[in-house]
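Read from first to last, the chains carry the letters A, B, C, D and E; within each, the first residue is number 1.
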Amino acid sequence: MSMAEAQSNVPGISDEVAISITGMNKWYGDFHVLRDIDLTVQRGERIVICGPSGSGKSTLIRCINALEEHQKGEIVVDGTLLSSDLKNIDKIRSEVGMCFQHFNLFPHLTILENCTLAPIWVRKMPKKEAEEIAMHYLEKVKIPDQANKYPGQLSGGQQQRVAIARSLCMRPRIMLFDEPTSALDPEMIKEVLDTMVSLAEDGMTMLCVTHEMGFARQVANRVIFMDAGQIVEQNEPEEFFNNPKSDRTQLFLSQILGH
Amino acid sequence: MSDTHANTVAFVRETQIPQSPPPATERGIVKWLRENMFSSVLNSILSLLSIFFIFMLIKDLGPWFWNSTWNAENLAECRELNSGACFAVINERWPQFFFGFYPAEERWRPVLAFLLLFPALAPVLFDKAPRALLVVTLLFPFVAYWLIWGGSIAFPLAVLLGFVLAFVIWKALAKTQPTIALIVSVLVLVLYQLVVGGAGLVENILMGILGNPEDGPALLAFEEVESRNIGGFLLTLILGITSISLALPIGILLALGRQSDLIIIKYICVGFIEFIRGVPLITLLFVANVLLAYFLPPGTTFDLILRVVIMVTAFAAAYLAEVVRGGLAALPRGQYEAADSLGLDYWQAMQLIILPQALKISIPGIVNVFIGLFKDTVLVSIISMYDPLGIVQPILADSDWNGILWELYGFVALFFFIFCYAMSQYSRYLEQKLRTDHR
Amino acid sequence: MTAVTDHSQGDEGFRLSQLLYDTRYRSVTIQIIALLALIAGLGWLLNNAVSNLAAAGQDFNFGFLGSVAGYDINQRLIEYDSQMTHGRATLVGLLNTLLVAVLGCITCTVIGVIMGVLRLSPNWIVRQLSAVYVEAFRNVPVLLWIVLIMGVMIKVPPQPRAFRGDNPDATMSLWDSVAITNRGIYIPRPTYEAGSALVVGVFLASIVAIFAFRWFAKKRQEETGQILPVFWVGLGLFFVPAILTQLVMGSPIGLEYPELAGFNFSGGIHLRNSLIALWIALSLYTGAFVAENVRAGILSVSKGQTEAAASLGIRPNRIMNLVVLPQALRVIIPPMISNYLNLTKNSSLALAIGYMDLTGTLGNITRNQTGREMESVLLLMAIYLSLSLSISAVGNWYNNSVKLKER
Amino acid sequence: QTLAEVQDRGSLRCGVTTGLVGFAAPDANGEWEGFDVAVCRAVAAAVLGDGSAVEFIPTTGSTRFTALASGEIDMLARNTTWTFSRDVDLEFEFTGINYYDGQGFMVREDLGVTSATELDGATVCIQTGTTTELNLADYFRANGMSYEPVPIETNAEAQQQYLANACDVYTTDASGLAATRAAFEDAAAHIVLPEIISKEPLGPLVRHGDHAWGDVVRWSLNALIAAEELGITSANLEEMAAGTDNPEINRLLGTEGSLGEMLGLSADWAKNAIAVGGNYGEVFDANIGPDTAIGLSRGLNAQWTDGGLLYSPPFR
Amino acid sequence: MSMAEAQSNVPGISDEVAISITGMNKWYGDFHVLRDIDLTVQRGERIVICGPSGSGKSTLIRCINALEEHQKGEIVVDGTLLSSDLKNIDKIRSEVGMCFQHFNLFPHLTILENCTLAPIWVRKMPKKEAEEIAMHYLEKVKIPDQANKYPGQLSGGQQQRVAIARSLCMRPRIMLFDEPTSALDPEMIKEVLDTMVSLAEDGMTMLCVTHEMGFARQVANRVIFMDAGQIVEQNEPEEFFNNPKSDRTQLFLSQILGH
């Protein structure tokens, strides 16, 4: 556990464990997607996951949120064991926020309604209060003036920022991002990354699947490289990019950073 | 060549070129005709053929319309007066086309109910209508029933009470246990209406207060009108509107059931849907007319209109379920996942996220089912109900109008065309609106 | 809903609340409740039926299908007279249903495809006319069309006796071969005399030749790139050889023309009003829906496909044949199948005009004459259900076989 | 128990034809009138004392038995032939005969046909689901003739087809033919052929097994017939009801004996029944008699005393 | 004529004019999409067109191929004047190949059939010969082994390469590309760009709308910047990227290259 110890010295990262995954395995039918995943995430840690397409990055993230069920091993999120008990699932989901590649905003609701929906119906918050919170986070992602528009009226970058705000409104303690910028035009990627950086600065625990290596260098405490359903390498960003240990990582990095 | 940039190594435009209007291409009728009707040899031939066809139609049908008669006692008189159509029959029999054999002096009641339909429908059809009108929508079935069938208001009130009761229970439980709340409230409703006889009990109490119209004058009571006497377009509208409004929720539930992970529920729904869609509506009407009595406890007879409504509803619901299923399937998986990841439970996700979108997508299909259902109501003439098509029979049998046909069928066809066309145009409007919505 | 099925937690022991809160049991609970409700409901209905039948002193058996029917059926595709059984009458009705369904499916496709293509025509007036056709038929009940067309069939054409006399009011059309009367249409029936086998043989051979030529043309194209006029040659092959043989052999295949005899025409094939009215009404009505599907199908092929083909230098009519239609078909076929299904089911409205289809025989006369309501209606539904299921099974099979390959 | 139901409900549900002028058809106001309708009204009057307390439920040849069997109607008065199988197999009870009929043929006069035996090859309009359909098949078969049936659902459609000459012949009960012919503009251009190919005793029927109700319907009809035989008319009804020296009249009209009580009705049940439209003869004359457009003569339907078949069992 | 001269010295670029556009204007209804476009392309030249969304890049490309008709000005392709004469259009289309952003492969045909369709039906080539040519180009784009699969079974990058091969099978003298990589995942962009580079090395005349600036630097002879329907700036890549003259270009480049 030398690495975990090393990290706990970094300011903003506490000793508390936010997510702990032990011996987790997952199959789709006969296809073994995730194999023996062990991962411990400290509160306040910011982890970037990368790897080639199909390596199981999304699946890993989605298992943490119980969007997919795993078949073996344990996932403990914030002290709650992820089991088939609906109550536990609900508890975990309301502590874990998630942002998808394609934003998945609700197109029939305004931005504000998108953000207040879950607080009102899940947290049973009064509408007024929910709206105040929503406006607070919309300001944080710098689009308070779009609150009454519909998602279809915003650009992709704005939509992704709304998606982030929507998750934040549930005041999650952990945020998961699944390639949040890969569906965006080059001009819009920056807006979203900036938002994520500012989240990171606030000390939010983050797990982020992304290929934006600039972002990884800038904010990650740890970079995890996955291939064929396994964690192949994990390290601090500097080390990871400059001295990749495994051949597979080297190959991957050369492709990504290549052009 | 182009000196503009050939002269400079790097071409840089310094000034903006202003927008200019498009070149004045020739306009006018000649161009339109050439582009739209005579753009090629084939098109010219087609155009000429079409014009010839229209000409023949007008030549044949025109005089029939121009030389029509609107006032005559019987067909013979019509024929004497003029050579064309004899619309006098419509003139004489229109009350039957509209109301069947509804008592003449009570006809204002269905008319009033029909007028009330508009405020009741407004909040459903147009999202700009004031929300307060929803109350009218909810009360409309009961008021309309009372107006059309008459009798004391006690009965519809008693039934309404059952719904209110069920709603209150649902509301109380829904916060904590949505699934159970739904089941319990439906159970309460069924128990209230059927088993315990709550409705009858309450009805009697209310009658006690208001007075029983059968014993003498009573408050808030109309003369009762038998289902048998209701006919014509009134019957079509009753069947159509009731079945449509019942079929929609049932269809949605069936669609959700069919999409469900729960195998047994899924197959129950699939079986029901495929069975209903596999047989002609007329056989279902046979069942309503002939077999239903066998499948109910001895002695329960209920109104033929109600029986037909049940069957038509089941029929439409099965078709609706397929349409809604299409809408559900068209939603990106991400919407379900986003709802899940926010912690919404199944019913919340359905009610807040999935259904509003799925229904929007399926509106054209839903309206098509409605149009189909509305048209299908004429099938009840086969089981000898006096719907607009059925009402033609006694007119044909009348010695005054023996031999008249086109005028009657034409009138009925016109009515259906107006209603169905209006519906399909409305769905087009919705489609258009939803496509541009939020963009 | 997704959740974890990790059975290592089973050792906590089972709590009742798990029935509701544990995803593993919750679904089972709900399903069992639903199943019980279903069984209870069905049981209740069945129980009622049994006791009602008992009370009415009736039993439930299909023996009546074996007893003598006693009624006549005017249109029969197989041998039938009033002394045969109800079962036989049912079969006659079923065949009549199939007849009108098959005829209707063919014509509604032809009408629908033509109208659907015309709706996309650049010609304004043609577009408007086809739109009027589609709207008129889609928005008026099919039953009304059926009775209306039946009315036309009865009232407009001349009566058979109008053909009688030295100076008749009406004459037969198409060189005295077809009589259009208000009792139906009489068309010639082919008669086969000696030598006709040869004509038929030549005709069949030329059909084989058409396929052979197509195969040859394809091969030729593959080898040399030359494109042969398959359509025109095929058309010629279809007609010319058989007609030549017929002429050379001295017309061995004759036609029996309908003639006035007694009250009616006799000889030839009699297409009854009810069949024609039903056929026309169903075809036109369903054709309107088919037209919409065809239109939607063609529109569904994205503009990019046409553009890509155009940018390869392919000419517009070839683009239609090579790129647009093959893709549009995949969109058109599923709704087409449900149109065929609807047409078949709507053919049961034959009842209204006395066409003796399945509903007219089993569902109406047999049901009435025997009083076996329950049995006949259930049998009727079962037959229609199996008809529908087989149509959609065939449709789905076809649909799957042309489905686009996806990753 | 039907009797109790009817009394509870306060109205009688009576199944009639969808429209056959003279027998049962709604007029322009939706008022039903006709010979069969009169039977319904008489029963309603007998049971409820009010001849207008009837709901008329139109049925076609193919829906009528279902309606009765399922309890949708209390009785069926729709020129229905009394046959063995309907009585025994279909489990209905015929409560008498209000019209002795037989199946006949109607053709256009200018067809030049004078006998049904000349109909070989003719096109025949026929209502489906009726006994006439079966009789027709038997008749042509027995005489070795062929024909082309044109099946139709209702009399009105038959009329349309026949008038448009889509069929040469229309066949149904002779009374129905007369009624149909009467509705024609040029009735004289059509003739009813002399052959009557079947016995068609028409009468009201009820469900099997409910004997109390069957009795009520049976004796209401008999009351009308007996009234004619006994000379009771709507004109002299009140006078007769005051009491006469004919004990049978007295028993019938309830001034003597307790026949009404035995039926479970009031004492003046028969008086009410007769009061609606008069006795059988009056009903006949008013709806289908020689003075009406339908113009049927009494024929077999005369009282037995006049050489007809009408013969009411004694009220005793 | 300095630039043309300069370019004619570059190996592979001849003096022959491949495309010449003079004073071309185009309207969509009342909307003036292209204004006074003047452009001369030498045979063998490789031109990259860039510019903000909606500036008319696609429209320009499509006008050259007669997919859109222009209302004013002249387009001469390979000596053929683009008029409404069908024969000229056919001639031009068979000399100009085009690749679309969304590939527009024919989903109902196999890869091989996609490639042989036009040669067989337009060039009236025997099937055998067409297939040989197709296989040759499929090898060139490095997917000969996928020949009998359907487009739906390939990844986006592979599909785009098939689209390129399909165009090449008609042996065009000019290739037009409309944002060929913008619908692709990052890892697949490289495959396609590599293919295009190798095309460029063979001396194909190319007009390419793209925002891949790496590609522009590597292979383009000239970069054209469009805005609001007009050509704002054109220059050699080095100059263009390092010393953009117009303010509009500078702004655009700063956004594109920003993150």
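Please note the rule applied: contacts are C-beta pairs under 8 Å (C-beta built on N, C-alpha and C of every residue); 3 or more make two chains touch, one makes a residue touch a chain.
Please read all numbers here as calculations on a predicted model, not as lab measurements.
With steps allowed only between chains in touch, the distance from subunit A over to subunit D comes to 2. Taking the mean of each chain's C-alpha atoms as its centre, the chain lying closest to the overall protein C-alpha centroid is B. Put simply, the chain farthest from subunit A by mean CA position is D.
Centre-to-centre separation between subunit C and subunit E, using Cα means, comes to 50 Å. Centres computed as Cα averages put subunit B at a distance of 27 Å from subunit C.
Subunit C and subunit D have centres, each the mean of its CA atoms, that are 43 Å apart. Each of residues 66, 69, 153, 157, 160 in subunit D touches at least two other chains.
Along subunit B, residues 290, 293-294, 340, 382, 405 each make contact with two or more other chains. Looking at subunit C, one finds that residues 2, 151, 155, 351-352, 373 touch two or more other chains. By the touch rule above, subunit B contacts subunit E in their complex via residues 1-2, 4-14, 16-17, 19-23. Those residues of subunit B whose C-beta lies close enough to touch subunit A in the complex are 175, 332, 334-335, 337-338, 340-345, 348, 352-353, 356-357, 360, 437-439. The part of subunit C that touches subunit E in the complex is made up of residues 221-227, 302, 304-305, 307-315, 318, 322-323, 326-327, 330, 404-407. Against subunit B, the residues of subunit A that register as touching in their complex are 62, 65-67, 90, 93-94, 96-98, 100, 102, 104-108, 117-118, 121-122, 124, 149-153, 166-167, 170. Subunit B meets subunit D in the complex at residues 75-76, 92-93, 96, 100-101, 104, 214, 226, 228-229, 289-290, 292-294, 299, 301, 304, 382-384, 386, 393-394, 396-399, 402-403, 405.
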